[in-house]
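Two complexes, one shared chain (chain A), two partners (chain B, chain C).
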Partner chain A sequence: MTVATQPQTARIPVKGGARRPRRVRRLFGRLLPLGPALLLLAIFFAGPLIWSVYTAFTNMALSGSASTQFTGLENFRRMFSDPAFVKSLELTVLFVIGSAVIGQNLLGMLLALILRGRNAIVRTIVNGVVIGAWVVPEVVAGFAWYAFLYKTGTLNSLLHHIGLSQDWLYSMPMLAVILANTWRGTAFSMLVYSAALSDVPPELLEAAAVDGASSWKRLRYVTVPLIRRSIVSNLMLITLQTLASFGLIYVMTGGGPGNASSTTPLYMYQEAFQFYQLGYGTAMALVLLVLGALFSLIYLRLIKLEDS
Partner chain B sequence: MHGRRKLVAAAGTLLLGAASLSGCTISSGSSSASSKTITVAYQEYGDFTQLNTEMQSLKTQYEKANPGYTVKLEPIQASENDYYTKLTLMNRSASTAPDVMYEDTFLIDSDIQAGYLAPLDSYLSKWSDWSEFTSTAKSAAVGSDGKTYGVPMGTDTRALYYNKTLFKQAGLPVPWQPKTWADVLSAAQTIKSKLPGVTPINVYSGKGSGEGSTMQGLEMLLYGTANQLYDSSSKKWVPSSPGMLAALNFIKTVYTTGLGPDVQDALNPNFGTTVQTELIPEGKLAIDLDGSWVPGNWTSTGSKPWAAWSSTIGEAAMPTQNGQAPGSTSMSGGWVLSVGSHSANKQAAFNFVALAENKENALNYDVIASQIAERTDVASDPKYLSTNPTTGFFTNLVKVTHFRPAYPVYPQISDQIQVAMESVMTGQSSPSAAMSTLATETSSIAGASNVATG
Partner chain C sequence: MSSAASGITSPKKGPAALASYAVILVLFLAFLLPFVWMILSSIETGSGLNATPTWHFTLANFKAIMNVATVYQPMLNSLILSGGTAALTVVCASLAAYPLSRFHMRFGRSFLYTILFATGLPITAVMVPVYSLYARFNLVDSEPATVLFMTASSLPFAIWMTKNFMDGVPVSLEEAAWTDGANWLQSLWRIVLPLMAPGICVVFIFTFVMQWGNFFVPFILLLTPDKQPASVTIYTFFSQYGEVAYGQLAAFSIIYTAPVVALYGVLSKFLGGAFNLTGAVKG
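Then we have the complex of A and B:
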């Protein structure tokens, strides 16, 4: 659907005094083929979206009551006096910063930098391995990590030989899911940064080297400023993706033990579909939306500061 | 040239749109029940396969007796909590709601309130078999409006199972009948010190086992104290009481002193299946606080046939906390067949229920699924009495049994009990802190005026 809208934006510059009726007709002609798509979007996307905003202000439940009452801000009041929800927000921020902003972003950048200028064979092998983790479906990745970290799993059978063992799924569930999500998502950042780095003119780096800049200084003052737009778009994309991450954590820990790895999407699922409080669950979805918007604002602000 | 391309594109998009739209109507249309098709929704999961076997046979019988009718079986493959969720989601829309459904009695009030179920009184009054059901069975699915919303398939009680071989190895007496909670824990203690590698005792706990944790775990403890979850004289919920604290402390002892299963295993939603088909038959678990249906897994038609079970496994009633009268306790629940309120042909749906619950079919199901019969003619049938050696023991517990408070908010309070148990067993909260959270949550669910202050 995004593809279909492109020709329209590409041809927008129309000369000042163009005749109006013709323009309207042409616009209509262009929009007509989009009609069914827009209609479908309205039915299957906008519809549920508006519905979920509405239910966030009601006490809608899956069972237990035949009618639904409008309860205003009650769900939000309850949410912020619910320690389990506040904890889930903290865990979500920890998960996003740990696995996306630090894990995927830095590791992806590092891999892209190391691979720059290496020979084709090395690049192919490393790319293959990293992208392999990204291609694997979320549930499969989650299960692979579960089997790896489980107390009788692969890692412990290996560690057993040197007299060690770990129990991270139970004792450090957040570390386990952050590791898994970093492993899974690094490929995306690596690809974004590889593309961005290939646009950095080698002459600039050479000139800086001739002027005596160390490799750290070349990275800090030449490369990073040149690819900062890619950094911000990458951060924004992976942050939004990680905020909504559900399957991986659900498969690995189910949000447990207790609520030790219950990020907001998992807590939301529990309240809406296990405890039947649909209204309360959708209200949390709205809060999650606001959290995503906040992260995006911070990133956009960063790029503006750099520009000025 | 240009215009033609546009036209083609437009036609293509329209076609695509039309195709996806019609695709949707077809799929939702096919699931809406035509009056000649009876959809039956029930659970089939893990070790619980007996109901599916029974339903397959009922489908054949029904279609033979009612030519022109089709029975569409919709087994829902999901663990217990997910089964309720999926069934409830199906019930939300008339086009997906089943005609006949398998309902847990603890959820039935909630679903009656939500308007998912049809009252059956007018059909039951014309059904001669109804008089064969015991009075407890008749009241199992009565709503607050006094109408009956389901026909019970069988009830259950709960008690301790113990492995006689392991008990002998550890030097414990066989047969075993603990008098107090302390007796239970000291036997577990002995197993722990004498038989390393064997899990001494399992008490279901936490969100993973769902309602099983609340009922087989916490309530089996709580109802053996001086307190209960609901005080029917003052009509208030009692989330915090000395009994509740003692029950949570028992859970804490089991899971934090190495008497119970590994917490990580116990929190797995499939743990019930693991206990019944692996840990007990393989002799890795000495004591299990569980339901009367468990031996159904071990019979020749069960999911884990185990011929030696009746000589290996003994049963003991769950004692009260300090041995106070009546000395032992139990909890009873059970499942019913209900007719959906959206059913287009309720008479045909009820006919299916009546067929499923006639003497022959009820007898067959009670035997293969190890249910306690709710029809007097089945209960006295020699086949019922002879097939399962534990039937007498578990039927006898009906004298000391308790029922869950049958109110629409019970399922939500049960969820919070599981949260409290999980926070205690993982050491995230102390029993008293977990109890005070439970009290807060109960107040917000039931309304502060309906909750006793502890």
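Then we have the complex of A and C:
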């Protein structure tokens, strides 16, 4: 190994520039451990991403790559004049806002707040069930919700007495998958907010209470501004995760009935892997990535506004 | 946990506390209910989607699926895929975290932020190009190639976690080794890794649990039923026999979920509560 072995303190800044070969060799030696990870990320992650940018502008189909032609913006033109795709995009946004931004985020916050300082047994039991929903593999979560909402399932036998029972997966498939995803993901937001809340200094809240601030005002003007960075990182992570959600919806409704719950990942799967339109599917994947970036930009913007 | 500090819901006596306990109870039941079917119908005779308990308990459903084709082979495949991915991820992430944690490098911070950003990239969106890449190089339906992709997709978060754990090992402990002429590999292997063994376990278990539940990646990349992990075969089982054998599906779900729940228990032991895992997200 070419790493310098002289007794040196570790935190020597590596200066840029290659004035002497020895320095270059040392820098190379220090970067060597990054190699395997970078190689894997480049081949299996960055590579396909860059490849996807190219593929999105071709008419690539699975049948044979020989006939692949560069078609420019054709895929994108086709996409936005395809009513099924536009609908899938709307459903995706609805799914993200309904289940991540509102469902998981607010419910996670509520649970974190309401469980603070409760009896340890209550906390353990409630945490256990909420985290249980998060730990269960998504396919199993899909089965559980399918059975829960089925015609003769648990929910309907409970609602039977007040005459509200119906086939939820047909009458309101989007609400069904939004509830299921909220159920599954709330634990993550709850854990993030519990950790963030434990860093809020008690004195500040006490002082606000002495000044006569109501609990709502203490939450709005003391707690939330103090944990806003956690809120933004949490929103960003759960948004990106929800945007890509496939298995849960696929198991519960398969995108149906018709395409009533076919979010962009499901529609993309159908076009790319069932109709073998790889180029078209990849173009959709790019749109999905752009949508994720847009959401992230909005969140980062919000934190900037709050800072100034 | 300071108890008086909770802002909106400080545990005071009286109607306010009662109301919060009522809310807690409602939320608890709402989170519990979807599990009820799975547990009940796995041990009942009249298996169907009906929620009404029959109160005839039996292990017949478990017995019916306990054979090589239905449970053992897919579970073994899951173990190989998730275990292989977790092991490879831990090795690559520990190596990569070392320079990121030990040396101040000009691009170190921006590299870390890129890594964190990659953590959030929707895997679903990458799958179509990955599939066409694999199809071109004849890698579809290959288990090692699937493990490599799963490793690459777990690496960003694993590097991020490992780097944070490694930062907790003081550099001063390594200086003595350097004085004795140890190189970085020896110092990493003999000093740093043993000191952060719990952190390494956390990264391993976390990656394992994530990949155990991974449905989309093996669903796309593995085609032969003999190679598919439980996450995929349980779905195939559902679409083929779901209507007729719900009790067996429920039993299969429980067997498939059990290892993950057990590992999560171990994980939270290591972390002393689940808070530290998400502590990395606090920003």
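Here, the second predicted complex is superposed on the first by the 271 of 308 C-alpha atoms of A that agree within 3 Å, B and C clash if a C-alpha of one lies under 4 Å from a C-alpha of the other, contacts with A are read in each partner's own complex, and residues count from 1 in each chain.
Heads up, the rule we're going with is that a residue touches a chain if its C-beta (ideal position, glycine included) is under 8 Å from a C-beta of that chain, and two chains touch if they have at least 3 such contacts.
In this text the structure is predicted, and so the values were computed from the model without any measurement.
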Between chain B and chain C, whom does A:34 touch in the aligned arrangement: first, second, both, or neither?
both
With both complexes overlaid on chain A, does A:273 touch chain B (first), chain C (second), both or neither?
both
In the superposed arrangement, which partner chain does A:257 touch: chain B (first), chain C (second), both, or neither?
first
Chain B versus chain C as contact partner of A:72, first or second or both or neither
neither
Which superposed partner A:183 touches (first chain B, second chain C, both, neither):
second
With both complexes superposed on chain A, which partner does A:225 reach: first (chain B), second (chain C), both or neither?
neither
Just to be sure I read the superposition right, which of the two partners does A:167 touch: chain B = first, chain C = second, or both, or neither?
first
Touched chain A residues, chain B compared with chain C:
C
For A:151 in the superposed arrangement: first (chain B), second (chain C), both or neither?
both
May I ask you to decide whether A:246 touches chain B, chain C, both, or neither, giving the answer as first, second, both or neither?
second
Taking the stated contact definition, name every residue in chain A that is touched by chain B in one complex and by chain C in the other, in rising order.
29, 33-37, 40, 62, 65, 151, 273
Okay, in this complex, where on chain C does chain A touch?
1-11, 20-21, 23-24, 27-28, 30-38, 41, 48-52, 91-93, 95-96, 98-100, 102-106, 118-133, 135-136, 148-149, 151-153, 155-156, 159, 171, 174-175, 178-179, 181-185, 188, 209, 212-213, 215-216, 220, 231, 234-235, 238, 246, 249-250, 253, 256-257, 260-261, 264, 274-279, 281-283
Provide the residue numbers of chain A that touch chain B in the complex, in ascending order.
4, 29, 32-37, 39-40, 61-66, 78, 84, 151, 167, 169-170, 254, 256-260, 270, 273-277
Residues of chain B defined as touching chain A within the complex
6, 9-10, 12-14, 16-18, 20-21, 81, 85, 88-89, 91-92, 107, 110-111, 113-116, 206-208, 262-264, 267, 269, 408-409, 411-412, 415, 419, 422-423, 426, 428, 444
Where on chain A is chain C touching in the complex?
1, 3, 5-14, 16, 29-31, 33-38, 40-41, 43-45, 47-49, 51-52, 55, 60, 62, 65, 107, 110-111, 113-118, 122, 125-127, 129-133, 135-141, 143-145, 147-148, 150-157, 180, 183, 186, 188, 191-192, 194-202, 205-206, 215-216, 218-219, 222-223, 229-230, 232-234, 236-237, 240-241, 243-247, 251, 265, 268, 272-273, 278, 281-282, 284-286, 288-289, 292, 296
